[in-house]
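Working notes for the structure below.
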Amino acid sequence: MGILEVKDVGKRFGGLKALSDVNLSVRENTVHAIIGPNGAGKSTLLNCLVGKLIPDSGSVMFDGQSVLGRTPYEINQMGISRVFQTPEIFGDLTVMENMMIPCFAARDGSFRMHAIENMMNEKEMVEQAEQMLIDVNMIDKRGMHSAAMSRGDKRRLEMAMCLIQNPKLLLLDEPTAGMARADTNNTIDLLKQIKEERDITIAIIEHDMHVVFSLADRITVLAQGTPLVEDDPQNIKGHPKVREAYLGEAH
Amino acid sequence: MFGLDKKDTSLLALVAILTLAAPFILNPFPTNSGLAQFNAGYPDLMQRFVIFGIFAIGFNILFGLTGYLSFGHAAFLGIGSYSAVWMFKLLSMNIIPAIILSVLISGIFAVVIGYISLRRTGIYFSILTLAFAQMSFALAYSVLTPLTNGETGLQLTLEDPRVLGQSATADGSIPVTNLFGAEMRSSFDMVVGPWSFTFSVGYYVCAIAMLLAFYLAIRIFRSPFGMMLRAIKSNQTRMNYTGLNPKPYTLAAFVISGMYAGLAGGLLASMDPLAGAERMQWTASGEVVLMTILGGAGTLIGPVLGAGMIKYFENIFSKINDNVLHGWFSFMPDGLEDLVVTIIHPFVGKGWHLTLGIIFMLVVIFLPGGLVEGGQRIAKAFRGKKADDNKSASTEPAE
Amino acid sequence: MDAFLLQTLNGLDKGSAYALIALGLTLIFGTLGVVNFAHGALFMIGAFCSVTLQRILNLSYETVDPSKTDFLGNPLKVKTPYVESWFGPETGGAIIEWSVPLAIIFAIPVMLAIGFSMERGLIKHFYKRPHADQILVTFGLAIVLQEIIKYYYGANPIQTPAPEALSGVAQLAEGIVYPVWRIVYFFFAIAIIGAVFAFLQFTTFGMVVRAGMADRETVGLLGIDIDKRFTLMFGLAASVAGLAGVMYGPINAPNYHMGMDFLVLSFVVVVVGGMGSLPGAVLAGFLLGILESFASMKEVITLIPGINQIIIYLVAIVILLTRPRGLMGRKGVME
Amino acid sequence: MSKTNVTRRGVLKTGAVAGAGLALPTYLSAASHGGYTNAPTGDTVTLGFNVPQTGPYAEEGLDELRAFELAVQHLNGEGDGGMLNTFSSKALNGAGILGKKVNFVTGDTQTKSDAARASAKSMIEKDGAIMISGGSSSGVAVAVQGLCQEAGIIFMAGLTHSNDTTGKDKKANGFRHFFNAYMSAAALAPVLNKLYGSDRRAYHLTADYTWGWTQQESIQAATEAMGWETVNNVLTPLASTDFSSYIAPVLNSGADVLVLNHYGGNMVNSLTNAVQFGLREKQVNGKNFEIVVPLYSELMAKGAGQNIKGIVGSQNWDWKLENQMGSRYIGTNAFVKSFGEKYGFPPSQAAQTCYAQTLLYADAVTRAGSFNPCAVAEALEGFEFDGLGNGPTLYRADDHQCFKDVLVVRGAENPGNEFELVEIVEATPVEQVTYAPDHPMFAGGALGTCNPGA
């Protein structure tokens, strides 16, 4: 039994069948990659997992509970964090503030008024946030307005914001899209490090096969809204169906 | 001090000094000099400065922090005023119960209007709040007249059934609003040489209310709650995916700013027990928006400056008529005097709107951060080229 | 039944004014994304174009008529417009009488010029500024324009009557008469709306602008100078507002604050129609016009007292709560 | 141009208190100031003229301001003296008031109760005004009147026509020279009867706020008393600009008279719309359809242009009064002459009422020998006078309302000159418009006692 169980999920947009009969099982403390050609339904599936979309049929169970019908913030509170393809951070806030917000969310839940307390009095949280910034090598940028940072830094910040919540499941949406090779390798190293240091399950959507095969413990190939195969990386590499899907669709 | 860091403490101290010394600061010109026209240190205007300051500070908690632009905030000001006047009519001339009621009632209305309006964002939210306020105004002016006294505005009468206190004083007039006996209207004049300074009880009550409101606003700005509000303005998607529900945060901000408006309305009625429907018209809502932007949205002190600026023009410039102009320039030869008066004439008196409009444009063109930015530039010029990676205290959470 | 029909007619007629003003506003606000609080002022200036033309045509020389006296008992000065002395009283009189339709020709270049200079001189610098700044600067501009008009023309309304031939009433059916000029206004509005739609739909310029509205960066990347086109758009919007104002003159006498009277309403119409949608704005204009007309019927007011005071706002609330982006709003525009 | 020193207050302050740093109470304390608010102690006295200078009534406000300026000139002995020469009371001699030169300050009411009160307060608190006058709407008048009562200042109302000003909202410190809705109705009804007959069906459009309601109530009562039937009364929102949806139903309602209980911009627009719909040419029940605008004003008539022709209404005063109706209205020509020579056009009724109010105040002070509001009020109460253009007039003590003749006018068909917007139909004698102080339309309030402030 995996920590995330997707059963028979289907989703239509008007006449377009975006997902059908998707079954997926992500085991705890593994890295599970979801790959597939453009338009295969990867993003739709991801959106169904985090509450942005509600599937027309099927079920999504996380840690024994259904996520369907829950809002994104409720799902996050269950322990799922998501990193976006284009970094979603609080651009108007400083790096440190960006880190503090998930700390509060993790401690206080989805809403709590702390209208007159001073933020910097939360010593424990500040330390925790600083430690995390040290971990991702951004402590020197703590006072910076996050919108002014480079794209790579923004992505690292977003990752750090997700990690500081200690999620059970981390969803990564093309974490290396548009990155230079060196940055990509850094990201891979970072993710490897995270995987080693923490008890965390990661689901990753990725185009870059180099990333996928460096990280993944298990791979699901999606094509035209349906999973083709789900297997270990070494078995996927030479799989005829996968070749067909990629070569047939995107040449 | 007071749980604030050094910068904020000094800002608060500065505002406190300015507010408490306002009767001096606003009356810089000797009473019988020609420039006395520019003196603003009389009780009514000083009260308006701080009351509209409170209104703008509250509005800024919503708009400056969350970015939600309410175009109907005047409704809460009006509701606060009506509640306070009713309290004077029915209960007591003491301002404390009146102000408590106005804050509460405005808060209740804010919960309802906010809950509905916050189902939408951006311009759709603005129009929803505008619609609610305009409905309040139109109804208060017409069909709700039994409750609001319509066009004339709700006033005290000699027949009010005041439970605690008398309907009329022994000499047959309406009693005066007071704070445990200290009448809001009483004042003292201090004459120093050619200067004359007026200290009014009402003003100091308002000033203390504003200082408390300002202090609370600083605490909110620096609190985790304030940070959450800025986070909402910055990125609602990330907010959601960080496990935070933006709705209650924005609603809380909306209600807090509604209660600030209610406090302002209650104070207005306490200083002058009349509540008119025009207080709720869209122009009044627009005024607080302009005050906030003019001063600098999202800054602590900006809205207060903006409020002061607009009220100053409304009350001082509108009173400069041709006679006054001729008085000023009477030292010139006749022809030149008339020329100067003719040139200035369109901008003062009945033309005060024109001057205000020009100032809006100039400020927003040359000082994108509002008056606060002007202050910063001046301060910077004085400080010289001192490195300033730490911005001045008041502008931390800028746009 | 007659009453119902009459109010529908009236609603269409009111709605055509709303639609026309909203159309201009939505070109700037709904699509360029500029919160233009000066739009009402543009409408007002349009109306004053016809006042100005009327004044120009009425420029007169004075002759003293000793047989009459003025209010102080002095000999009366009689004014004769130059136009009448040049073209004779008949032709001259006709020219003066037709000053409103003539003002259309006069208003187009004036409004274009105002629109262009407003965009080039001011608005251009505010595309990337926060909406708050746009509100402040355009509101300031609106006040300035309004005060200038007040300075020259006073605060009192000034009648700009329709020509005699277009001013009576028309019998549309048994028991249904309607003012001719209001019918003219309706068809004029339809024509302008149609022209603007056709312009945006069928010309390359229109296509580029529509593409630019949807995705400004991409169009910019294609090497198309979108800025110049946006300037033109602004001029177009100003002209539409101005023409709406010119033609509105005979319905209600122009005064300097008529723009502010319409300002809030036009924002409501645009937003109810949905941000970024031209058809939405037009539809909302007619819808609100018709509903407002029905709400002003005695039967309705008796049923719900005060409904005529709030109908527009009530409808706006209901629509915005049931349809998140108004009637036909595009996703992501100023949400 | 006259030059005035507006900062009189400073003079008196420094005059009164020699020595720095001395704190002493004003405004509420009698000791140093003769027992009432803003008691003038120098050689000047300041009056406050609070008129709309922005917003829809700005034009009317400016005309009031012109009249005030003229009145101050005449009080100070400048100019030709205007109505001072015809005024029945001869207490004023052109040497200011009680020997003090008259200064004035102006302010903008914006036609909003709030702004009007703020402006009036600044005149009282900052400029030391001893009397406030002006205004162009009843809401503002009632609000400022209330303020003056509380502050202990005399309020001489400008243009305010609602019954409430001297009805349920009357105040001991407030006085109204202008006529009211009841008087309009009482004057109009017989004329309407004479012009249009007693078998008429009236349709009312009424501005949906207190002034509109009181006027509609008054007109309905007066016209029904002479046999008219009221078909309908529809309330229109203040914010309306287009009244077509209210006018259209009139066409088939069976009514043959339309009564427009509107003022200002509302009136201009509703009348324009009514004419557009052909109501003026319409025939109903074999009679000509008629439009009535109970409260007329020259500036609105000007705004309504051609549409005003033949429309009947009432006025407080008109500049042609003395010429056309005889010397009963003495003072009119004197005023028109000095106003017309100074400004180039004849004064409006708003100007006349403001001018008269200023003179009446000054006269009352002089006769009372004191600026004390209570003494002034006493001098005004029950004061009978003549020569201010309205004929013999009484300032009734019971409600501080002036009783004088009311004019019924009609939009001029063939104006002799550009200023002749209306023609006078009748000057209704004062007896016909007088009512008992406890008339139900004016019930519900009390004057209270005069408040000298201090």
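Descriptive notes on the structure:
A, B, C and D label the chains in the order they appear, each numbered from 1.
One rule holds for everything that comes next: a residue touches a chain if its C-beta (ideal position, glycine included) is under 8 Å from a C-beta of that chain, and two chains touch if they have at least 3 such contacts.
This structure is a prediction, so every number in the text was calculated from the model and none was measured.
Central chain (C-alpha centroid nearest the global protein C-alpha centroid): B. Per-chain CA centroids place chain B at a distance of 34 Å from chain C. Separation between the centroids of chain C and chain D, computed from CA atoms only, is 35 Å.
Chain A and chain C, compared by their mean Cα positions, are separated by 52 Å.
Averaging Cα coordinates per chain places chain A and chain D 74 Å apart. With touch defined as above, residues shared between interfaces to two or more other chains in chain C number as follows: 309.
Residue positions of chain A in touch with at least two other chains are not found.
Touching two or more other chains at once are residues 54, 58, 62, 208, 235, 237, 239 of chain D. Arrangement of the chains shown, judged by which pairs touch: an irregular graph that fits none of the line, ring, star or complete shapes. By the document's touch criterion, interfaces exist between A-B, B-C, B-D, C-D.
The residues of chain B lying in touch with chain A in their complex are 3-5, 216, 219-220, 222-228, 230-231, 233-235, 237-245, 248-249, 252, 256, 397, 399. Of all the residues in chain C, the ones that touch chain D in their complex are 2-3, 6-7, 9-11, 13-14, 17, 68, 70-72, 76, 150, 154-159, 161, 167-169, 175, 177-179, 181-182, 251-253, 255, 257-258, 261-262, 292-293, 296-298, 301, 308-309.
The part of chain B that touches chain D in the complex is made up of residues 30-34, 36-37, 39, 42-45, 48, 138, 141-143, 145, 149-153, 155-159, 168, 171-174, 176, 183, 185-194, 196, 198, 272, 274, 276, 278-279, 314-315, 318-319, 321-324, 326-327, 330, 338, 349-350, 352-353. Of all residues in chain D, those touching chain B in their complex are 1-7, 9-11, 13-14, 17, 20-28, 53-54, 58, 61-62, 65, 104-108, 112-115, 117-119, 121-122, 125-126, 137-139, 142-143, 146-147, 149-151, 164, 169, 172, 208-211, 235, 237-239, 445-446, 448-449, 451. Those residues of chain A lying in contact with chain B across their complex are 50, 71-73, 76-77, 81-82, 84, 88-93, 97, 100-102, 104-106, 109-111, 113-120, 122, 158, 161, 165.
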